[in-house]
Amino acid sequence: MSVNEKAAQAAGAATGPSTVAAATPAPEGWEPKIIGFACNWCTYAGADLAGTSRIQYPPNIRVIRVPCSGRINPQFVVRAFQRGADGVLVAGCHPGDCHYSTGNYFARRRYLLATRFIEYLGVEPERLEVRWISGSEGQKFADTVRELTEKIRALGPQRRLRETL
Amino acid sequence: MEMEVLNLTAVGPAGAAFAAQVGAEAGTDVFSCYQCGKCSAGCPISYAMDYQPRQIMRLVQLGLKDEALKSSTIWLCASCATCTTRCPREVEIATVMDTLRAMARREGYPYKERNIAAFHRAFLNAVAGGGRAYELGMILSYKMATFELIKDIDLGLTWLRQGKLKFFPERIHGAAAVRDIFDKVREIERKEVAAQREGRPVAHEGTEGHS
Amino acid sequence: MKYAYYPGCSLHSTATEYEETTRTVCATLGVELAEIPDWNCCGATSAHATNHLLSLALPARDLAKAEQMGLDVVAPCAACYNRMAQTIHETKDNEVLRHKVSQVIGAEYQGTVKAKSLLEVLAADIGPKVVEAKVQKPLKGLKVAAYYGCLLVRPPAVTGWDDAENPQSMERLMTALGAETVDWSHKTECCGASLTISRTDIVAKLTHDILDAAKAAGADAIVCACPMCQANLDGRQGLVEKTYKTQYHLPVFYFTQLMSLAFGKEPYKLGFARHSIDPRELLHSKEIA
Amino acid sequence: MSAIFTDHQAALRDEVRKLLTDGTIKGFIGYARGRDSYHPAPAIVTRPDQVDGLILDQFCIFGLTKYLLDYIFEDGKMGIVAKGCDSLALQRLITDHRVSRDKVHVIGLPCAGVINAEKVAQLGLGNVQKVTDKGASFLVEGDKGSRELAKTEYLWDKCLWCEHHNPAVADSKLGPEVENVAMKPRDYSDIEAMENLPPAEKAAYWTRQFSRCIRCYACRNVCPACNCRECVFDIADPRWVGNTVKLSEQQMFHFTRAWHVAGRCVDCGECERVCPMELPLMKLQHKLQKDIVKLFGNPKPFEPSEVEVLGQFRATEDPEEFM
Amino acid sequence: MRRVGVFVCWCGSNIAGMVDIEQVKAAAAKMPNVVYVEDNKYTCSEPGQAAIQKAIKEQNLDRVVVAACSPRMHENTFRRTVSGAGLNAYLLEIANIREHCSWVHPDKAAGTKKAVDLVRRAVYKVAKNVPLQRASIDVTKKALVIGGGIAGIQAALDIADAGQPVVIVEKTPSIGGHMAQLDKTFPTLDCSACILTPKMVDAAQNQNITLMTWSEVEKVEGYIGNFTVTIRKKARHIDTTKCTGCGICWSKCPAKLPSEFDLGLGQRKAIYVPFPQAIPNKPVIDEKNCIYFKTGKCKACQIFCPAGAIAFDQKDELIEEKFGAIIVATGYEQWDPSPYGEYGYGRYKDVITGLEFERLVNASGPTEGKIKRPSDGKIPKDVVIIQCVGSRDEAKGIPYCSKTCCMYSAKHAILLDEKIHAHPYVFYMDVRTPGKGYEEFYKRATEEHHATYIRGRVSKVYQKGDKLVCLGEDTLLGKKVAVEADMVILASAMVHQPAASKLAQTLGISYDQNHFYTEAHAKLRPVETNTAGIFLAGACQGPKDIPETVAQASAAASKAIGLLSKAKLETEPLVAQVNEGICSGCLWCKPICPYKAIDGKVIKERIAGGKTIERTVASVNASLCQGCGACTVACRTGAMNVLGFTNEHILAEVDALCL
């Protein structure tokens, strides 16, 4: 392979996975729908901070406030996919910083397993993002949402688990 | 120029664009600089500069492109990176100097330090010619360009006698490949400059030293 | 231990004694040097003072060759080492730039090999203990000021193998050879080598400050690891003495010269005759050579 | 490894008779002859005179422990016969506080593997009269012929990698313990192959499987880890999973079912065995097991423990992927 | 059918500028259960709240949705509003269309669409809300103060004066903290010891205050009003009931070591009180360095102690005590400036830190207040003070301003001139003097004491003969300058205590990226933490000078007093709840609870056939539960729920947002 070919391949790889998922084109005017589950103490506060700092990010995310990432049942995530979400963000305090001391450690175990399992069922792994975002990380919240939105935009609509009429 | 009032509002968007471009090319945030002067204080050459390195950063922040690109500072900088190493705001000042120098050359600003520019050109000519630096040829071509024929003659002769300077350049087999590097870089630069200017007239001297 | 060896232009011209003693020391310590075939100039300060891409492409061609050899690069010259380390650093996490560079050099550069300075290899990888074991003629009574200059230690984000403000690796090597080192203030100050031809006046001042500090600290000689520094501090010493009306007579060694000497090599083979400030008198007076 | 269940049939009957007679137990859950010699049926005996209807043979694959849930609020003990794998299921019910150990009398049955009746039934041997253990194979003699069947080919898959040949919970044991080694190492290569498929192919595969589901709940009903007093699938408010037969609901159902037993599955494989639509349900469970082993360093994810794997954590050792 | 009212706030132009209020209202009106929609310029204002109350009454609303700012901002405000109108406070939901929408999305159409979705989420959720009641719990009438510096002493004195018992836990052998190390205090130049020691004595003598020095907090359990704290009382090896503090023991002790209190500039013994005015004035034996502990021989202290107070066999004690409130006052550390290789701290003896200078100039310090430079004892003539060492230096990992250095550097400059007529050169970047009398103090330094202030960061300090050359740029001149100094003082940053994050984890409070403890609200709740019942005082929350520390300590004390003065506390009803009917009693929820709030309980139940049976179900102790909900996910049936964030709620929210 020539250097140019490799460069082209690398450039292609950089734009994200577009292989099979994009086989069915996205409908006109489609916008990624992303459901965020955010713990009240860190990530929700971080999202608030993004707001007070006026850090802009794509409007595709809608956040559901929960007390702790330990409250976020993976079944909620699958429910969101079933109901038509194109992507889901699960976010909480950094390990060690949980307001309830240990909730995020349980969340970490659950999502280490659940992300793999959901991927195993044929959902592109990019669609479920789990991140620790603290109350002081408004920028990280905005960056995470932006990256997630872009990744999902590249993937197209989520049809795998979606309810069809 | 020195006595004029700098009209900051007149700098306008072009100034902001200049600051942004310097930051982007140098890969550092020029607006992080808070003018503490640690760079200038540590700079071994700042005494000889017309603007302190800190002041160059300020000129860039304010978008005062002409002042920055016409300064001797950017040419005198020896790239020792003491400034970068000690900067409390992690600004890569030495890289900013590199960037400004390349920009000044690209855009045809008159070299404030002609000799330094001539040296760099002579050096690169030698490399482009044979793949490796060739001190004697380089020094001779530098001296032709700067008319400093007498200076350093003592040292040069001593070094010739000691075998430190060679009469003939080393040429590597891949000399053509190295020359190709220079050509490709020049080509890329030409395209990038053209894209940047978008219709504005490209008016500056040759983009490469070895032409 | 085997490295891809990048001598650099100076070691083939103004610094042949550095090249020769590098090979001597490496052979003694079992460091195998495989010279990169058909290497080209790293571009030095002139390249990055002129064009950023060029300053990455020139070293990248050499690094790509080393990649083919499957070996990390060792460069005795501080400037060459710095340009290579800089290229690796900048392209490490920047795939786009790495491909641009690959296109320019017409060969694939993947960024898989490291670049080390010879000083780092000998002081850190081999280490003073091994060096000490090889010493046959300790450099007793010789007081040296270890001079690092800029490019070995700065910027620390690129180099980072020794302290940027008060490096100690050369001191440790010199102590292992039986020499004494002085604690001094100017070991990482810039000598202005890239301006040596174009702004000799500036270089004279910088060199003066360094020589002054070394002398004040009580050093008999300076030891360095860079052909530019050596050429400046040694070759320009006469000019400095004339300009500032002072006398130093401080020989400027390559650290490999002193290592060779301590390893028992014949002094006449170490290129002392090529120095502007002839060190042989000093070595005689200390009964080292 | 020589152990043929039939050899212990008489001993079982004797013991059950004794237990019923002396009042140790008030009923016994065991096997009886089913529709043919390949398919035993569960049987509950409460009187000594019923005991001779109990059988034991090399086709007694399914566990009986879940029937214990029908007796938890009744006085007295129930007796049960349990192979190694069944004893794990019983442990599951005990650690889940669903069955209390002191209300069950366990007759343990060391087991060298159970013959896959579905495979043997295809061979046309007629009703099986006798099975003899030949080491690496079983000699199966039927009224229409006999065959020597290699264990590696004719045992249930789970018996091949079984490491629980002997019951972990037992009040008495039928016959000597058997050598407790797996016939072949546990192998997740089918899971890995699945993992390596691109998302669309995984999706296509599972769509093919789940779209066949008829929501009969046999998988749930047989599962020893699915032992809730009230199952989430039966609760109307909130309705986590719709009960219409729609692909998306089937997917939700299967995700939820698998997830609810993640880290609690005892690897009995009953869900898959009883599925009338032959859904590869253990492919879900094995994926979870495999990841639990890898992520949390739990080498035996199917042995019930005091704290389930998702009910604990290690602050610094657990993998950190979410920074 | 519910009767939901939706109130859309403009927040002036904060929301209305970026979200089309009319569109949101129109969409809300069509949502299920919504019977009334209204907008208001400022819903949180008095008229805005009155409008909600009016609508509740007139429209007979039974649920309220406010679409406005973050619930973290005004949820409590609006809860009070609805309960003021006779509605249960928990029949309210907030749609965050400001922080999560109008402030971050510049595209008005997309922002409006999102705002509608967020309102729908709240409308769906509120329909599932049920009235909740607050419960009340008892309060242990005792406060714990962690840290015995000026912050802790002040807080303890205030609480004690209010008649409540308080325990100070201090990890070093004496209370006093950093303030005890200082010489003079700005801007009045009172002697630090003269104003601190009386307070230390007050604390020791106050009937309501118990001092536990040489002690550390090991474990904290429980919750507001009912903390159970385990305190490790480290072995002092002194029977404090017998010891009179006569000092014979430390005069006889042969083991000499660098004194921590004097920052290594002076020495102490292995049995020691850290400084002469220490309280309690009873020594401790430093086990690591005591000759007896190391070799089994010596016992000089025991031999000479007239009171027989030496107790080599004393062991650490763990003491468990209950507290109603906790004040954290653990202070700061001065940053070690060694990472500045260019300043040569550690390489040149005469480069010292500001705190070291305090010991040099302090009359009870190692030089008895004579300013002599460490290398040769010479009295310095020219002294360079470098400000912002560490502080405001991102490259060194300290992005913030340490707030106190400008003032203490001015103080050092004044003291240098006053005491030894040395010439101070102060390198600064900005001089920050926002405090009463501070600017005037700085003026004194420059005008009366002729300190030379040079605007620029020093780049390098190096030895030249017996001088230290400081290279800087006078950025006002644009010239490189050098000062040949006899001594250099680095105004080093104030940083967190090394164990700050560990204590935060023990307490369950949060800390910022610089490891300072986080207050509940930067402006409005500056002394509270996010954990109810735990308050902050002093520099553990961020760099502070003494007046500010004392003020915050009193503020924290008043919060604690307020808490302790209540007979009962109302608790949040948003806690876990078990649906016993479907609970299987598997108790997998139990190990997950961080508050040990879950246990099994046996209930009796009549089953079909008229029989009564007993079975075990999970049970939540509502006053221990903090409502995190981690248990709910372990419950397969959904028998475990968190009020306010139930499964029903979240599923409805997911559905609403995916419509």
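A, B, C, D and E label the chains in the order they appear, each numbered from 1.
The rule we apply is simple: contacts are C-beta pairs under 8 Å (C-beta built on N, C-alpha and C of every residue); 3 or more make two chains touch, one makes a residue touch a chain.
All values reported here derive from a predicted model rather than from experimental measurement.
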Between D-E and B-C, the pair with more C-beta contacts: B-C
Greatest separation from chain A - chain, by CA centre: C
Greatest separation from chain E - chain, by CA centre: D
Distance between chain centroids, defined by C-alpha means - chain B, chain E (Å): 50
Distance between chain centroids, defined by C-alpha means - chain A, chain E (Å): 32
Chain A-chain D separation of Cα centroids, rounded to whole Å: 37
For chain B, residues that touch 2 or more chains besides their own: 47, 82
Multi-chain contact sites of chain D, meaning residues that touch two or more partners: 240, 310-312
Residues of chain A engaged with two or more neighbouring chains: 74, 79, 96, 102, 106, 110
In the complex, chain D residues that touch chain E: 73, 96-98, 227-232, 235, 237-238, 240, 260, 307-308, 310-312
Partner chain E, residues of chain A touching it in the complex: 31, 33, 35, 40-42, 44-45, 47-48, 50-52, 54-59, 62-68, 70-74, 76, 79-80, 83-85, 93, 96-97, 99-103, 106-107, 110, 135-136, 142
Residues of chain D that touch chain A when the two form their complex: 194-195, 198-207, 240, 246-249, 251-252, 255-256, 258-259, 262-263, 284, 287-288, 291-292, 295-296, 309-313, 315, 318-323
Chain D partner contacts - residues on chain A that touch it in the complex: 19-21, 23, 74-75, 78-79, 82, 94-96, 102, 105-106, 108-114, 116-125, 130-132, 160-164
Touching residues on chain E, where the partner in the complex is chain C: 340-342, 344, 347, 462-465, 469
